[in-house]
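Below is one structure. I have some questions about it.
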Amino acid sequence: VTLTTDFGSAGPYAGAVKGVILRLCPRAQVVDITHDVPAGDVLSGAYILAQAAPYFPPGTAHVVVVDPGVGTERRILAGVFAGQTYLFPDNGVITLVAAGLPLEELVVVRNPEFLPAPEAPATFHGRDVFAPLAAAMLNGLDLEVLGPQPDTYKLLDLPQPVESSAEIGGQVVWVDSFGNLVTNIPAEMVRHRWHDGAVRVWCAGKAIGELQLAYGFVGPHEPVAVVNSMGAVEIGVNRSRADRALNAGIGTAVRIVGVESQERRLE
Amino acid sequence: VTLTTDFGSAGPYAGAVKGVILRLCPRAQVVDITHDVPAGDVLSGAYILAQAAPYFPPGTAHVVVVDPGVGTERRILAGVFAGQTYLFPDNGVITLVAAGLPLEELVVVRNPEFLPAPEAPATFHGRDVFAPLAAAMLNGLDLEVLGPQPDTYKLLDLPQPVESSAEIGGQVVWVDSFGNLVTNIPAEMVRHRWHDGAVRVWCAGKAIGELQLAYGFVGPHEPVAVVNSMGAVEIGVNRSRADRALNAGIGTAVRIVGVESQERRLE
Amino acid sequence: VTLTTDFGSAGPYAGAVKGVILRLCPRAQVVDITHDVPAGDVLSGAYILAQAAPYFPPGTAHVVVVDPGVGTERRILAGVFAGQTYLFPDNGVITLVAAGLPLEELVVVRNPEFLPAPEAPATFHGRDVFAPLAAAMLNGLDLEVLGPQPDTYKLLDLPQPVESSAEIGGQVVWVDSFGNLVTNIPAEMVRHRWHDGAVRVWCAGKAIGELQLAYGFVGPHEPVAVVNSMGAVEIGVNRSRADRALNAGIGTAVRIVGVESQERRLE
């Protein structure tokens, strides 16, 4: 079982969740993905989860508690994507996992055995709801026991890149904890259009240059565009924070243009 | 075995402790509660420990190294509370565990086999004393082998709430890593006095409103009083730090007053 | 298997590495040393690794990804020091381990089965190269299968202390995450020269006093020199950051002088 939360690694909350899981399922191996998702930041939670969870072994249960709506009407969902089980609040935190992996099963947790009494304080569903659910799933519980299949579930509305005759126009959709700028432009789209990969990337109105194979291909503190570990175009600054150096953030425009053969000959 | 320390997760010290435990007891499962207790902050260590450790399975050994007096005369204690073993410096860090759980056994570590030579450098008892002790306990060592029962042990002197005819007067006794203000007022005291729970909470001279079931019941950046996961009244600010927003900290006064029936009718 | 990286515990990267290792070797026990080595800081990585890794059980595999040169020509090495296996980039991060432990075997990873295609993006060798290598080693792979023995490998060029007739002159070579100043002066050198240990330590031109057995031997916020957990002289400030309080950092001069018998008699 893995944990992805915004509890903060400095507090007791992740420990309490681990304790409950191990108490109810002593043979569990509890692995931290992170407890330092920025508090209540569902978008960051979605990216972090999608970049780590799919690499775990088949059958892993992933517990996701980035849940600013805890105690309100938001639902708790349990779903199977590509052979692994995810337990998550219905707030869009599953968006990037769902975008990349086939959904095989999905239920809304309605079984009152797994939900707190309505009048109970609801400050810590991670410990009181998610952890017992995770332990029950590790102990072999069928998802159907938890509740019915929902008609729909929430996905974050992420902007799509736009292709024009001259360029691909995208934007920064996430800033990672190093300040790297993840865009919504798939490397596949760039390769498909300019087969030789000769392109120029612009971000926040500044020329970043061509797509490189690694950060280390530019000098220290120079900006660089790479294909990141998710297969998307990402803008970084070697050994620095790109968000500060380029004064960029979520929503900042990113453009990719092809390099004409002649221009390349003149270079 | 769990670890609760102020070593900092960015340094090597937690890793060295884990290594020693695993070297001496390879079948141990070492679980981090946190290594980011503020350095030397015994009060925070006490709260963090009490909120996480009791949830672990019976028989768990908890190693607590928040130990600003390392190398001085402070004693090391080993105790069993509610079926789990705690290994801790005698500086009060056990206070909140001891307040909530029955003490079943307690010894002072005096056995020289487990203590460093008096003239040895004593900068890292976590690795050199606590870790071997924890491994020995996991390997089945009887606590009596470690040393005698102490006459007394140190508990932090936490202020108690005061009930007057008009109100309950308490104070902030701990600020968690999110800036939430934990008070010394048990929810049970409030419920016992005002059975219908219709109360008004004041903190730092500001009206916080009634007791809510969850942070999400107020708007973003609005203050809120809840019953926290320890059963105490806690003041937060939805999606912000209450300590900064309310200019409050340890010692800040918190008052709870009942709402008259008439007042409620007029509302 | 242990992990020592600069991925940041707030991001997904450590989780992805753990997932790949567990997918390829489900019985592995993955233990974090830290993921919060300052980004690209090979010197800090070297100190952190050497202070934690050797304490683990014989046969442990240590994965070290502090690798600012990822994707460039830098080599990946696998070596056995004192019965434990280390997998690391050839950038000097092994320096402090190599300084203290016997090297038993060393190979350069050249086997293309374990290396990415040259034209592949190379932003995340931790997940794509180091993790599969670690799993293969845990599954019993012989190091010779990975590649040939190198002629040489990179070690950081750390300054050595200088002994004159009057004193030992050294310098700060690392600042830990608490701001403590680790020097290049071995305690053994001090003890060997002044057998009774009566010395005075100077750092950044300020008198720190004699060598103490623990931080707690001086008052709060007072500077103190101790023998640290690596056996080196270290300058701290009790309950504060020495780097800020003494305005010191890597390269700051540290001097140790003996106390004359007469001077001591007058004290």
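The first chain written gets the first letter, and so on, giving A, B and C; residue counts start at 1 in each chain.
Keep in mind that, in the parts below, a contact is a pair of C-beta atoms (placed from the backbone, for glycine too) under 8 Å apart; a residue touches a chain by one contact, two chains touch by 3 or more.
Since this is a predicted model, take the numbers as computed values, not measurements.
Common neighbours of subunit A and subunit B, by the contact definition above: C.
Where subunit A touches subunit C, under half of the residue numbers in use are shared by the two copies, so each contributes mostly different positions. Inter-chain spacing, taken between the CA centroids of subunit A and subunit C, is 32 Å.
Counting partner chains per residue, subunit A has residues 9, 29, 32 touching two or more of them.
Residues of subunit A touching subunit B in their complex: 8-16, 18-20, 22-23, 26, 29-30, 32, 39-40, 68-72, 119-124, 127-128.
Those residues of subunit C that touch subunit B in the shared complex are 2, 4, 9, 29, 31-37, 47-57, 60, 176-178, 187, 213-217, 226-229, 234, 239.
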